[in-house]
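Letters A, B, C and D name the chains as they come in the text, with residue numbers starting at 1 for each one.
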Amino acid sequence: MPWDRNDMARRAAQELEDGFYVNLGIGIPTLVANYIGDDIDVTLQSENGMLGMGPFPYDDEVDPDLINAGKQTITELRRTSYFSSADSFAMIRGGHIDLSVLGAMEVSENGDLANWMIPGKMVKGMGGAMDLVAGVKRVVVVMDHASKSGAPKLLHECSLPLTGRAVVDMVITNLGVFTIKAGKGMTLIEIAPDVSIDEINASTQATFEVAV
Amino acid sequence: MPWDRNDMARRAAQELEDGFYVNLGIGIPTLVANYIGDDIDVTLQSENGMLGMGPFPYDDEVDPDLINAGKQTITELRRTSYFSSADSFAMIRGGHIDLSVLGAMEVSENGDLANWMIPGKMVKGMGGAMDLVAGVKRVVVVMDHASKSGAPKLLHECSLPLTGRAVVDMVITNLGVFTIKAGKGMTLIEIAPDVSIDEINASTQATFEVAV
Amino acid sequence: MKKIYPDAKAALDGLTFDGMTVMSGGFGLCGIAENLIAALRDSGAKNLTVISNNAGVDDFGLGLLLQTRQIKKMISSYVGENKEFERQYLSGELELEFNPQGTLAERCRAGGAGIPGFYTKTGVGTVIAEGKEHKEFNGETYIMETGLISDLSIVKAWKADEQGNLIFRKTARNFNPMMASAGKFTVAEVEEIVPLGSMDPDCIHTPGIYVQRIIKGEHEKRIEQRTIRERESA
Amino acid sequence: MKKIYPDAKAALDGLTFDGMTVMSGGFGLCGIAENLIAALRDSGAKNLTVISNNAGVDDFGLGLLLQTRQIKKMISSYVGENKEFERQYLSGELELEFNPQGTLAERCRAGGAGIPGFYTKTGVGTVIAEGKEHKEFNGETYIMETGLISDLSIVKAWKADEQGNLIFRKTARNFNPMMASAGKFTVAEVEEIVPLGSMDPDCIHTPGIYVQRIIKGEHEKRIEQRTIRERESA
């Protein structure tokens, strides 16, 4: 049985280590926060200007001056610090964030990422995605293995405009987990329960090694 | 009678306007603070990281965490803000300081300034002087008209290594006041009491117009 | 040198003109200069280039200036919340320059700091890098981005004193400090004007040197995504 | 992930090596990491490149590392207070690279912010510009300066919490925040370690992400120029 959104988030959470500073994107990546182990100390960054992001507020705690990069109301923690967006992206660009978990439209076998623009559709903008993939030490993509129409999203080369080149280190899909290493390409390292390699091959265009 | 140090400082203080943010160098420029008129509101910057510098402390107010760029103990005012040296020089480089008053070894007729280094002698460093002359909107030099040995300090071209090129807007010496304008050179606009133009000519190498 | 003005209209008096470049602080609707945006609309200044991370929503924030078609060009990182924006953009009435969010933030910081250009890895190998100077540092490729300044920056802070010292609150800080520093003229609206000397001088986010005029405003502080959790029942 | 260490020696354990680059915060003797400088001396690490605005005085601050000749090269803006420095420099034992103070501050800020190069007007037409890339922006000439990073940054703050969040006090802030951000490893010494949650989150100067280890130190806080005024008699 392929993984669902929560399974994928849980798997992504395993990439977090004690002491990590982590930026979580919008959508499934946001769910990763629910699966951070009690045994590790992780600090979440919100790129609008906050380190130490807490959970959503209770109804009577909502504060319009306290939102995350997805513009959702959130809360602060005892460790929280606030800073400007320039200071926030200095942190990101300077390589101080250990891990970012992002969604994607396409990932190529050398780690190119496309997740901000579909030509011909209204372009909303890249927000902080290009900064994150360029600056964060390790980038984990969480996405469905194929598009709704069944088209592969793991490709030889991305067809959509890129967010960054050779920036993705790991892809977690509903079918399995792939690592991407510079010059070594993509490797399947885990398969979701009851999913066959044939099934994965059938919905993957990218070339990959298998090491499960 | 030529001006003394306090006269020169008093004359420099006349260049300050209401609302100005001002950086004063070490030596005679420091004295300028004593002559700021009560009718204008001026904020002094200290380039190590402070806006709103107050006077020297009383003996029981001395605080080792509160010094100016000359490493002298100082005090804060009700308007004071502290910031990092990066933020301080962002302010300077970005052209937000209205006026700087500095000492000099040599000034050329096109406004070149030399005030940080004498070859062959131990070099102490330029500190913030190069940043100030490059970034501050208006640079006023206060210095003796000639060296102790009587050699002119207002020159066709500086002989010492430069702090900045075409950066000086006004020179106040013990003999008079000169303005320097880009492409128009140096103009004598004021003469100290009982000083003759011949006297100034005799101790000046730079070419200058007279408009007193 | 009085910096405090009675209202937003008075604070913008003499500062607006057609074709000007305006920086507008805020992230989404958080920390936007609500009163000054309305006053900028009422000024009637046209053909504006507006530098702002986002473009407001249809009926709030910079959306007000889109309704009146006062904006010629936006420099932003994300504009997804605004239908009128989409309409004007797709019909060719509105120019749009996308900047990665961190690049936009740094360009404003650089402009205020007298840095006309800097190098970044962000956007290398993407459309963002097209036409920009590329340079290698330690074997890695970077692109040059330029500093930005504005004719007028409108920012929102929590508190100000009469000298223009500003303190921001929580994530409403966002782009406001850099934009304050990058304005040839900067006007700040605040929730409270506090007595001089009542701010902790170690905790002033924007020193008064960057702020020429101040007003106390009224703030709706609209929330875009009200996300809450349920209390566990006792 | 415990960041608090019992003393300076323990805090530098495993972090020092010959030939390393160290950033040392402070302006003059104000806001220097007194305890960590002593521990760095005691580590015996040699051939250090030290990036610091000043070089201490003969018997205090970085002067301690000059006495033991552990420093190979200094990158500084002003070193005028130190006779041993002068002796070593004139005898050719010590290399020296002068940076304008604002350029030095910005190079540290850039290094921490992932910016490998930036343009500045400071130093154009002087010896500082020799050999550096020149570029025109809007008809003015600028030179390129590069970002700096360190193997180890030692900084002094007023307060820290267990997460490494730092607050500096008055002008003791100076170079400390940028150097904290530009260290591959940063160790902070503070006057007080305060409980988590007791700092105002709007007023944290250096977020804990930049600080890997913390100690509470003892501080002499020597004053270089004790300048006072007399009280007017009553």
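The criterion applied here is as follows: a residue touches a chain if its C-beta (ideal position, glycine included) is under 8 Å from a C-beta of that chain, and two chains touch if they have at least 3 such contacts.
Values in this document were obtained by computation on a predicted structure and should not be read as measured data.
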item	value
Fewest touching-chain hops separating chain A from chain B	2
Centroid distance [mean C-alpha coordinates] between chain D and chain A, Å	36
Mean-CA-position distance for chain D and chain C (Å)	33
Distance between chain centroids, defined by C-alpha means - chain B, chain D (Å)	28
Chain B residues counted as touching two or more neighbouring chains	76, 82-83, 89-90, 92-93, 135
Of all residues in chain D, the ones touching two or more other chains	106, 109, 113-115, 120-121, 168-170, 173, 201-202, 205
Set of all touching chain pairs, with the criterion as stated earlier	A-C, A-D, B-C, B-D, C-D
List of chain D residues in touch with chain B within their complex	27-31, 53, 76-81, 86, 89-90, 98, 100-103, 105-106, 108-109, 120-128, 158, 168-178, 205, 221-231
Chain C residues touching chain D - in the complex, by the definition given at the top	106, 110, 113-121, 135, 137-138, 140, 142, 146, 167-170, 173, 200-203, 205
Interfacial residue positions of chain B with respect to chain D in the complex	46-50, 55-59, 62-68, 70-74, 76, 82-86, 88-90, 92-93, 112, 122-131, 134-135, 161-166
Chain D residues touching chain A - in the complex, by the definition given at the top	1, 109, 111-115, 161, 163, 165, 181, 196-197, 199, 201-202, 204, 207-210
In the complex, chain A residues that touch chain D	18-19, 21, 41, 43, 45, 51-52, 76, 78-83, 89-97, 135
